[in-house]
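Handing you this structure, nothing more for now.
Labels A, B, C and D are assigned to the chains in the order they are written; within every chain, residues are numbered from 1.
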Amino acid sequence: MNSPIDVAILGATGAVGQRFIQLLEGHPWFRVRELVASDRSAGQRYENAARWVLPGNAPENVAGLTVLPLDSALQSPLVFSALPGDIAQVVEWRLAETGHTICSNASAYRMHEHVPILLPEVNADHVRLIDTQRRIYGWSGGLATNSNCTAAPVTMALAPLRRFGIEAAQVVSLQAISGAGYPGVSALDITDNVIPYIGGEESKLELEPRKMLGAVGADAIDLLNCVMSATCTRVPVLDGHLVSVSVRFEEPVAEADLRAAWADFRGPDPVPDLPSAPARPLIVRDEPDRPQPRRDRDAGGGMATVVGRLRPCPVMGGWKFVAMAHNTVRGAAGCSILNAELIAANGYL
Amino acid sequence: MNSPIDVAILGATGAVGQRFIQLLEGHPWFRVRELVASDRSAGQRYENAARWVLPGNAPENVAGLTVLPLDSALQSPLVFSALPGDIAQVVEWRLAETGHTICSNASAYRMHEHVPILLPEVNADHVRLIDTQRRIYGWSGGLATNSNCTAAPVTMALAPLRRFGIEAAQVVSLQAISGAGYPGVSALDITDNVIPYIGGEESKLELEPRKMLGAVGADAIDLLNCVMSATCTRVPVLDGHLVSVSVRFEEPVAEADLRAAWADFRGPDPVPDLPSAPARPLIVRDEPDRPQPRRDRDAGGGMATVVGRLRPCPVMGGWKFVAMAHNTVRGAAGCSILNAELIAANGYL
Amino acid sequence: MNSPIDVAILGATGAVGQRFIQLLEGHPWFRVRELVASDRSAGQRYENAARWVLPGNAPENVAGLTVLPLDSALQSPLVFSALPGDIAQVVEWRLAETGHTICSNASAYRMHEHVPILLPEVNADHVRLIDTQRRIYGWSGGLATNSNCTAAPVTMALAPLRRFGIEAAQVVSLQAISGAGYPGVSALDITDNVIPYIGGEESKLELEPRKMLGAVGADAIDLLNCVMSATCTRVPVLDGHLVSVSVRFEEPVAEADLRAAWADFRGPDPVPDLPSAPARPLIVRDEPDRPQPRRDRDAGGGMATVVGRLRPCPVMGGWKFVAMAHNTVRGAAGCSILNAELIAANGYL
Amino acid sequence: MNSPIDVAILGATGAVGQRFIQLLEGHPWFRVRELVASDRSAGQRYENAARWVLPGNAPENVAGLTVLPLDSALQSPLVFSALPGDIAQVVEWRLAETGHTICSNASAYRMHEHVPILLPEVNADHVRLIDTQRRIYGWSGGLATNSNCTAAPVTMALAPLRRFGIEAAQVVSLQAISGAGYPGVSALDITDNVIPYIGGEESKLELEPRKMLGAVGADAIDLLNCVMSATCTRVPVLDGHLVSVSVRFEEPVAEADLRAAWADFRGPDPVPDLPSAPARPLIVRDEPDRPQPRRDRDAGGGMATVVGRLRPCPVMGGWKFVAMAHNTVRGAAGCSILNAELIAANGYL
C-alpha cells in the first residue's frame, strides 16, 4: 500500500466506536479521517464529545477531529459503522449507494441475503457477495458486516469441525458488560449478580453462525444445515464473552480428530498475512480451567479465540467444550477491521 | 416439642459451619450445644477460633462455646456435618455407630447405597433408608445427606416435571464463590473473570439429581433413568447458584402443563409445616430477566428455588429454563436443617 | 397511635423511593397511600412503572397503586421526598404551603436557614424549626430534611465527641454505587475501578455536618465552629458508605474518653423508643479490620453507624478512625422515616 | 551493553515474582537465568511449579527452567527478590555477602541505615550507599530496595513539592488486591466490600516516603523532616493503588507553582534514558474524575504515577490531591528493575 486509505467511523463516540479508534491507531493501511456521531455530539471536538471509556486517552491525532453529523457527505472511501441497528439501517445503505464501502458492526443487514457476515478465517470467500451487490444495486462500494459478538467465538470454534458434520449445537453464553455499550449495564444490576437474559441475543446466536458457516453460492449463502439453541447471560466481567458449547455430529468423532482440527486451523490466503490477523485464530488450552475471560481475552491481540475443556457430552452424544473471545475486539471492531483488510486485499477498495 | 434437641456442628468454623450456626439461631426445635473443628481450632473459644465471614457477628450464645476436637465423644443426639469429604468419611460413620443422627453436607456418603440424599419436598420418603441403616448396621441413629449445592436447584426444578418423563437434561451452572468455602476462591482469580471449571462438580451434578429423583425401594434407591450432562463455572457472585437447564421429555409437553406443574408443586406432609420449609419451594418468575442470584437468592428465607425463562429448546426438542437457589442455604446448611426436621418429624430422633 | 397516618412518596420509582417503600412495609404508624413520580411513570401501576432494584419484589399492597404525577393534589398529610434537587425545590415548598409535612431526602432545602437537617439521636431539638416555619410562612405542615448520605455516618460518629471541642475534621469517603441512584453508575466505569470524584458531594460533606452538629437558637441554627475538608470517592460496593476521619480537638483527649463517649451515646427521649430507631445508634467494633460495608451495613436494621480503628493521628495531633453506615437506609430513606417519627412524636402531625 | 547480565529471581512463583518475569521478557540488558522459590516448588519446572496469575502464560524461555531452592549458590550477578520479609532477611544478606547485587521488593532491609530505598527519578543519588555497604561490610555486590507499593505514588507525587517545604502529609489509600499476593485476599472478603485495614502497611507509609525523600549524607540518609499519617484500605480493584493526600507546606504555595512543579518533574541523568523509565514519571490529569486505577494504571507501561484533583485543603491549610500508580509494576517489580538499571548504569555491576 502506498498511501493510507482514509477511514470514517460512524458512532465514533460509543464504546465500539472508541475501540475502532484505538485499534486503528498506527494501522499500516488505514487512517482515521472522519468521525461521525449523533446530533448531540456533532460539531464538537472528539475529545469533548466522547467520554473515553477505554484505558488511557483517545489518540492525539483523533482527539482534535470535529465530530460530523450522521447525514454528512463523507470523503473517506472506507467506513466503519458502530451505529445502533435502527440508525444503521438508514445510514449504511445510503452510504453504500454513494460509493462507500462499509464494514459494519451493526445488526441491521447481517441477515440480508446479499450482505455477508465476514469472519475471514472462516468464510473469506463470502466477500464475493460484494460483486453481487455491485451488480444488483449498481453500487461502486459495498457493505459487509461482522457477526454478533457472541457468535464470533462460537463460529470460530465450530468452523474447523464442519468436516465432521455438525448436526446440532447448544450454547450457553456468559457475556461481558462491555457488550452492552456505554453507559450500558447499570452497576446496580450486575454487581454481585448474573442477568440471565440479553434482549434479542439468543435468536442472533441461533442464526448468525449458520450463515457464517454456510456455503456461498452464485448470489446468496446457504445456511449451514444444523440446529442451534442458545441461552445468553450477562456476568460481572469487563471484556470477553465465554461460551459453553455442546455439539452433536453426524457420525462419531474421536477426540484426537477434534483436537487436530482445532490445532491445524488457519484462514485461507491472504487472511493469515492481513495486518490484524492473529498468528493463530484458534488457541487450544490444555489446563482444566481455561479459557478464562480476563486471562485469555488479549490472546492474539484480542483477535484469537481460545478453546478448552473438550470432553464428551452424554446428552448430545457428541462433545462439549468452552470457548472465549474478546467481544469488542474479535467480536466487534477488530473483526470489522480485519474484514476491511480482506476487502482491500481482494481489490474492492 | 417440649425441650429443644441438642445439636453438634462438625466443621463449625468454616463457611458452611457458620451458616449452620446462623440458621439455627432461635430455631424452635434445635439448640446448638457442641462445636467441633480441626485440631487447629480445638480448645479455643468459638469467637476466637472462627473468622466470621457472614454479616454481623457469631450469635452470642455460640461465641463463647469452646471448640471440641474431631475425635470428641459428643453429647448431642443430632449432628450437622460441614466437614471436608475425606474427614467426613471417617468421622460421620463413627458417630452414626455411636448413636448419633447425622445430617451431612459432605459428599462422602451421598452415593452410598444405604444413605439418602434428602430434598424433603422432592423425596421425603427416602428418609426410610434410616430404617435400613438401623437394621443392617445395628445403629440407633442414622445418616442422611443433602446434595451438592448445584444439584439442589436442578433437582427442585425437575421434580415436578418427572411426570412428563425426563429423558435427558443438559445443565450449565454459574456458581457463586461461597460454594468454595473460606478462604476458598482467591480474589485474584475471580475478579473480572469466570473460571469455567470446578473440580469434581460436574460428575456430582450428573449423578446426584438422578438419585434424589429416584424411587426408594425396599433397601435402596433406583436412580431416575435419564441422562445428564453438566458444565460448571464459577462467576463473581457471592451467593446463589444459577443453572441453565435444557430438558428432553419422552413425549411432547405443553408449556402450560410445565408451568402448572411448577406452580402447583408442594412437598408431601409434613414437609410444608416444618420450621425451615419455605412457603413455596418453587417460585416461578415471569419477568424475562429473572431469576437473578442477588435479587432472588433470599426468596423463602433462602430456601426457595426460583425458576424462569421457560422456552422451547430446538436442539433438545424439549424445553429450556433457568433456575437459581441460595447455595449455602437451600444448597447446604438450610437443606440439612430441613432434613433434620423431617427426620425428627418422622420420629427418628 | 390509633389509626395509621397516610403517606405519600415523591420520586417513588427511583432507588431511594423504593427503599422508602421497602422500609415502610408493615410500619406501625405510617401507611403508604400515594406514589408520585415523573410524567413518564404517572398513570401506570407502580409494579409496571418501577424497575424494582432491591431484592425480591415491590410489596403487594404497593405494587397495584397507580403512580400520580408531580403536580397532584395529595391527600396524605405526611410526604416523603426522594426527588432530584431541582424538582424538589419546586414541589416540596408547594406541598408545605398546602398543609403537608415533608420529610425530604433531597438536597434542595438542606441549607435553608429555616429548615432543619434532622439526625434524631444528634439534634432532635432542631425539629423546633417547624414552629419557625409555621410562624414565618403561615404553614400548617412543615419541611425537614435528612443529610447527604455520607454526612450521616460522619455526623453520627462526631456527635458524641462535640464535648471535647472539635476544631477540624478531615474526611475521605469510599462510597457505594447505590448512592448514585438507578441506573446511576455504569458498570463499565466502576468494575475493577475507583472513581475519585462525586459531583457536588465534597462541599455538602464539608457543610452539612456542621449544621447538624450546631445549636438551634430562636429561629436558626448556628453551624458548629469547625473546619472540615472532604475527598469523596466511589468504590465497587453496593451499599454502605465508609469514611476515614481525622479529628483535631481543642485540647488533648484520652482514648478511653473517646471510647466511652461513643459507647455511651444514645439519642434524647423519645428517640430511642421511636419505631425505626436502632437499639444503639453507634456500634464500636474492636477488631482491627472493621467496620466493613458488606458485613456491617445491616447493623441495627441498617440504622446503626459502626465505628472502629481509633488511633492517634500524628498530623492532626488528634485522633483518626473509620465509620460506616448504610447509605440508603441511615443515609437516606431510613433516616427520613425516623425523622417523620420524631416529628409525629412531637405532635406536629 | 554487549552481553546480557544474568538475573536470578527469588520468590519466582509468587505474584510479584511473576511480574518480574513478565517485565524482564525481552529486556535489553537483563536475562532471566535462575528462578528460586520455596522447597515446595524447588526441583519442578517453572510452568508446573507456578500457578500463573497474570494474563496469558509464562514466557516460553522461562517456563522450562527448573526452580532452585532458597539455599542455592547462584550464578547470576544480579538478583531480584520477591521474598516474604522474614525469609528475605536471611537470604538477601547472605547473597550480598557472596558477591551478588540484590534489588529487593521485600521490606526486610528498607529501613536499614546502609540500604537505600531507591525511586530513581526521586533519589538516584541514594545509590551511593552501595559504596558504603562495600566499605563497611566488605561486599563486592550490594543491596538496594524499592519501597512499599503504596509509598511509591505518594513519594513520586510529593518529590517535586519538596522545594515548597513539606511539613505534614495525610494519606488515605485505596489499595488493589494484587498487593496482597496470591492467593492473598479471599474473594469472600473483598467482593462487594472494603477492608479498612492492611497489617503493617500504615507504619511503612508513614516512614518510607520520608527516607526516599531524604538527603543522602556520607554513609546514611537523613529522613525528610515532616510528619505523615496514613490510613490504608483494600478495595475490589485488581491493580493500581490510589491515594488521597493532603499536604501542609511551610509557606503558602500557589496552585500554578504546584502544577508547574509536577509538570516539569523529570529524573536526573541517566534516569530518563534507562530502559524501564517512563517518558514522564508524573502525569497530571485535568479531568475532575482522574486518576482512576483501571484507566490509568498502565500509563507509561505501568511506571508512571498519575495525579489529579488538586485543590485547597482547608484543614491542612495547604493542598490536597489524588495520586495513583500500578502497585506491582511501579510499586514493586518494575521499580526494582529500574533500580537495577540505575545500579548498572552507575557501574556497580
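The rule we apply is simple: a residue touches a chain if its C-beta (ideal position, glycine included) is under 8 Å from a C-beta of that chain, and two chains touch if they have at least 3 such contacts.
The shown structure was predicted, so the numbers you read here are calculated from the model rather than taken from an experiment.
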Inset, instruction - Could you tell me which chain lies farthest from subunit C when each chain's centre is the average position of its Cα atoms? - result: A
Legend entry - Between B-C and B-D, the pair joined by more C-beta contacts: B-D
Legend entry - subunit B and subunit C, separation of their C-alpha mean positions in angstrom: 40
Inset, instruction - Please compute the C-alpha centroid of subunit B, do the same for subunit D, then give the distance between them in whole Å. - result: 47
Inset, instruction - Mind pulling the residue numbers of subunit C that touch at least two other chains? - result: 191-192, 236, 238, 294-295
Inset, instruction - Could you please specify the touching residues of subunit D with respect to subunit A in the complex? - result: 54-56, 191-192, 294-299
Inset, instruction - Show which residues of subunit C lie in contact with subunit A when the two form their complex. - result: 15, 53, 177-178, 182-192, 236, 238
Inset, instruction - Over in the complex, which subunit B residues touch subunit A? Could you list them? - result: 168-170, 172, 174, 191-197, 199, 206, 227-229, 231, 233, 235-238, 242, 244, 246, 248, 288-295, 308-309, 313-316, 320, 322
